[in-house]
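Given below, in the form of structure tokens, are the structures.
Shared between the two complexes below is chain A, which pairs with chain B and chain C, respectively.
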Partner chain A sequence: MIVILDSPLNLFLLFLAAFACFLAMGPPASYIKAALKIMAIAFLATMISQGFFYYFEPRTPLLVLLNKDSGPIGRFTGGITLYKEGLTYGMIQSMRLFSAALMSMVVVMSTYPSDLVLGLKKLGVPEKIGFMLTVSIRFLPALAEEAKRIMIAQRLRGLRLKGVRGNFKGFRYLIIPLIIDSLRQARRIALAAEVRGYTGKRTEIRGLKFTRLDGALLLAAIVILGAAIKYRFSL
Partner chain B sequence: MMISVDNLTYTYPEAEYPAIENISLDLREGELILLIGPTGSGKSTFLYCLNGLIPHIFTGDMRGEIRVNGFSPKETSVAGMAKTVGTVFQNPESQIFMLRVEDDVAFGCENLMMPMEEVIARRDAALRDMGLVDMRHANTQTLSGGMKQRLAISSIYAMGPKVFLFDEPTADLDTKGRSEFIEIISKLKRRGHTILLAEHRYEDLLPLADRVISFDRGQVMHGVKAGNPFDQEMKQKTCDTDTAYEVELKDVTFSYDRKGGRKVLEGINIAVKRGELVAVCGDNGSGKTTLLKIMVGILRPDTGRVRVSGFDNPAIEDVVGRVGFLFQNPDEQLFTDSVEGELMFGPRQLGKNIDVEQYLGKTNLVAMRKRHPQSLSRGQRQLLAVFSIMALEPQLFLLDEPTTGLDDESWHNLFGILRELSNNGKTVIFTTHHEKAKKYADRLITIDRGGVAGSEISR
Partner chain C sequence: MNAFLISIVLIFIFGVVVFCVGLKHRLIHGLNTHDLITIALFCSLLYVAGLPFKFGLSRVPFIHTFAYSIPFTAVLFIGIRIVPKMGTATLIILGHSLLSQLISRGINPLWWPYAFLAGFVLEMYFIITGSYLETRLNAVCAGCLRGLVIYLYFYLVSAPYIWHIHYAPWYVSIQTLQGVVGSGLGALIGFALSKPIIKAYRHGGI
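What follows is the complex of A and B.
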């Protein structure tokens, strides 16, 4: 694996660029809030855990929670210490992860789902799997709506869904009707596909064409990657 | 003869007796045949024998001879039969595969491995003939129920079958969807297609039908049924003037999009007395379901005052136990592992004790008390859902389209229960788009495009 960027500042810039692309897709405010919340939690968690578990040298301790000589735990673990390099490492890892995650979300948000599936098929994914993907994507919003309705029905029967305990209980009562109803729906869909003549093979009138723009982008990507590798190894 | 059936008998795998027995029929090309009969009488089973689903998908024991346009479904695969026989099912949602309208219309032809030019030509012709040209690029998820069904029909139409099979196609549609459907059927008939239509509500289809075939417990009877034994009068009542109000809505407006979206409800002024049985009528999109949701606290009105069971502008948690709400799909409301568990679920959450035996008896499910709710039949699940809510002993019972997917007998049972509740002083409000359901209510409130269009005593 070739690592090109490992300075926190560069990675932060990359993260900002990826986030800008994400915002450019025009997601609703709730999406943005949720994304920021998740990233903030993951960021802190990674930083702290890497801070405590950093194993490479050199490492500079910032905070000693438990000395390696004090008590059995201390001797067993070698002490619990927060390291500066660990914090940095955590930051770097998170930002790498978020940049990649945000960009993959951009791909999904900017491409028509059936085109995505067509692209996958061009890469060799078999037709039946592509079909399953298409149908799943098509039914996803309906499934989400159904889950909402089930939870409302539960609250109307007195189930309290607030708090951690409530959420756990509620999950079990949500999952069963959801799965069973989905199985029923799947059965109906299968019958409908059968009478629609589905055998696994079909002529496809929708195709993806490899245009000049695609070629240009691919070339540019290869050139940039090559330059980055060369730059990295000449340091 | 387009379809000839000779001594057809079919038994589902692991069933004790045949679903259809010794059926012999000859159906001519261009005929429109109505199949009527209660749930479980064999209508769907018969249709599935014609398109090859029986015996290829549903195994079991099939005897007798069938020929459809010269093909034998026994020998030809389902996909092979699909060239001649097109099938449209009840649930429009599960018959749409693609995200774009025109892609779904082309889907069937693609499956038949027609060459690309032919697929495109057939797709465009179907879009034109079925009136979907304006929506060809639309997202299938944004279509109404009636439109979805129309899309399903168009996709089958594009494949060019000679025979069309319809299995309860309008059960999930409202009045508008249903009249659109009848238009399409008339068009197909004019073009000379052979049509078999299995339906519960069939009175308005009789003028179109060339033949009516009645199914009863797997056997076939010809001729028209002499009226519905369940069409009995239900005694209505009028409340005295000084009964208290259970539900009051004053100047209520509501829209889903606060920032000036379309107003779903506007200027709603409704008052329902305790003990009344009210039907809220209107087409899909009129706002009647939204109205019900506001009454129970699922939605809050933008302006206006809502007073329900003594609570002002209630939230769900305020009215649990006092207000019961039945959603359209009973399966979304059954979450436990046993029938008796389901009945006890609500009361247990509220710390109440109920006499389970009494409720079990009412549902007629005593013998199945330990069975998993999802293993029951559709009608039984509906009843169980209704009684699970009644076990909470609510003062107000709201039902959203409770008749969906029910046959005549179940309708009668359900409205019998609601009538009894009302006679006992409980208030019942249900939404419906069925003309027939209206006569079970004391009062009709009609909602049209977000406003109250009428509030009259039923008949």
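What follows is the complex of A and C.
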């Protein structure tokens, strides 16, 4: 659908549908606010960048920022011009991106990561990568917690970091104790896995099955896709 | 066949070549459970280390490539120095890519070739130089190579064919240059930071 539809209005309607699905998942207000803010920035950035970088023909110049004959920068860039068709193209592409991103977020919000890993394994992703992903997901909250603990301890000892240089210094001060502590934990997990006889293969309590609901959803998706293709080519 | 499909075929062939050369030089040793868990840890660390930059410095327009490539390369290279085996780089990069897709973006196989290329380039570099970031120069060259290949592939192949977003050649060259410099700097930082970590890892009773 995202690829097939190409008019700004249809893509906007698709975006609204994706956004409604996202809202139906009941995300917290702060999450919605952050998503809207990021989308607004990305929308403007994509429109402006594609307005300047658009290279398909025909294109109508709206504003010439830099002439190609004006000095070394002009020669290097070949001139910087804002094109009308580029702005429209940027709008269309950002609607496509947002629709895809929102639908991906719906999948991520409505499915446990372990179920997604299980799905990947069913698709043929090797067992070892599946195991690695499971361990990575398990590590994430522990790492965030550990990073927070280290930063609080450093602040209690009087460390105050601000600005760009502070950002880099903070990274340096955080990463060494964080990695050393995590490596200790990694060794513990590896020992526990080996002691329990882990051989590279895992068994799951719950397997994935293709149910009637999956079949119905697949059928609905095929029907909607067919309708979209027919609509696109009947125009 | 469009450029994206051609790139997938080329990356696949490149991967096969890397595997065959590794096999010929007897560089392929299996990864044990401990290695796999350490690699998994670095996949998570890459995700966590990038977050402050993703929501902070990376938002500054025009220099986001430079800002993001520094922590990414630094953490990646620490991981490679801790598990200096063939396959580590590919597994960390691929694992990180899959992890971020699982957690925030949703699974999209179209981005997998990008991760594979990033890994294969480093694997080939390690085979050719015969060193897993053992010297500062080796690390900086590996970082710059990674930056060059990855950002060129992103701006010339991935973004135009997956997002349908195009960039002017001058913008691509400036961003790639930033990626090369940022990755080189990240490699230097990673090399310096990995020294105390490796010491603690080997002798400190971790």
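Throughout what follows, the second predicted complex is superposed on the first by the 205 of 235 C-alpha atoms of A that agree within 3 Å, B and C clash if a C-alpha of one lies under 4 Å from a C-alpha of the other, contacts with A are read in each partner's own complex, and residues count from 1 in each chain.
Note that a contact is a pair of C-beta atoms (placed from the backbone, for glycine too) under 8 Å apart; a residue touches a chain by one contact, two chains touch by 3 or more.
Predicted, not measured: the structure shown is a model, and the values here were computed from it.
In the superposition on chain A, contact is made by A:Ser182 with chain C only, not with chain B. In the superposition on chain A, A:Tyr112 contacts chain B only, with no contact to chain C. Contacts of A:Arg155 after superposition on the shared chain: chain B is touched, whereas chain C is not.
Of the two partner chains, chain B and chain C are each touched by A:Tyr198.
When the shared chain is aligned, chain C comes close enough to touch A:Ser49, but chain B does not. In the superposed pair of complexes, A:Leu36 makes contact with neither chain B nor chain C. After superposition on the shared chain, chain A has more residues touched by C, the comparison being chain B against chain C.
In the overlay built on the shared chain, the residue A:Leu225 is in contact with neither chain B nor chain C.
Of the two partner chains placed around the shared chain by superposition, neither chain B nor chain C is touched by A:Leu23.
In the superposed model, A:Leu62 lies in contact with neither chain B nor chain C.
In the three-chain superposition model, chain A touches both chain B and chain C at residues 113, 131, 135, 137, 176, 180, 184-185, 189, 193-194, 198. Put simply, chain C touches chain A in their complex at residues 31-34, 36-41, 43-45, 47-49, 52-53, 56-57, 59, 61, 70-71, 74-75, 78, 82, 91, 94-95, 98-99, 102-108, 163-171, 189, 193, 196-197, 200-201, 204, 206. Within the complex formed with chain C, the chain A residues making contact are 41, 45-46, 49-50, 52-55, 76-78, 93, 96-97, 100-101, 103-105, 107-108, 113, 116-117, 119-120, 128-129, 131-133, 135-137, 139-140, 143-144, 147, 164, 167-168, 170-172, 175-176, 178-180, 182-187, 189-190, 193-194, 198, 200.
Only residues 112-114, 131, 134-135, 137-138, 141-142, 146, 149-150, 152-160, 173-174, 176-177, 180-181, 184-185, 188-189, 191-199, 201-206 of chain A touch chain B when the two sit together in their complex.
Contact residues of chain B toward chain A in the complex are 51, 53, 57, 78-79, 82-83, 85-87, 89, 91, 93-100, 103, 106-116, 119-120, 123, 140-141, 152, 155-156, 159, 296, 298, 316-317, 320-321, 323-325, 327, 329, 331-337, 345-346, 349-350, 374, 388-389, 392.
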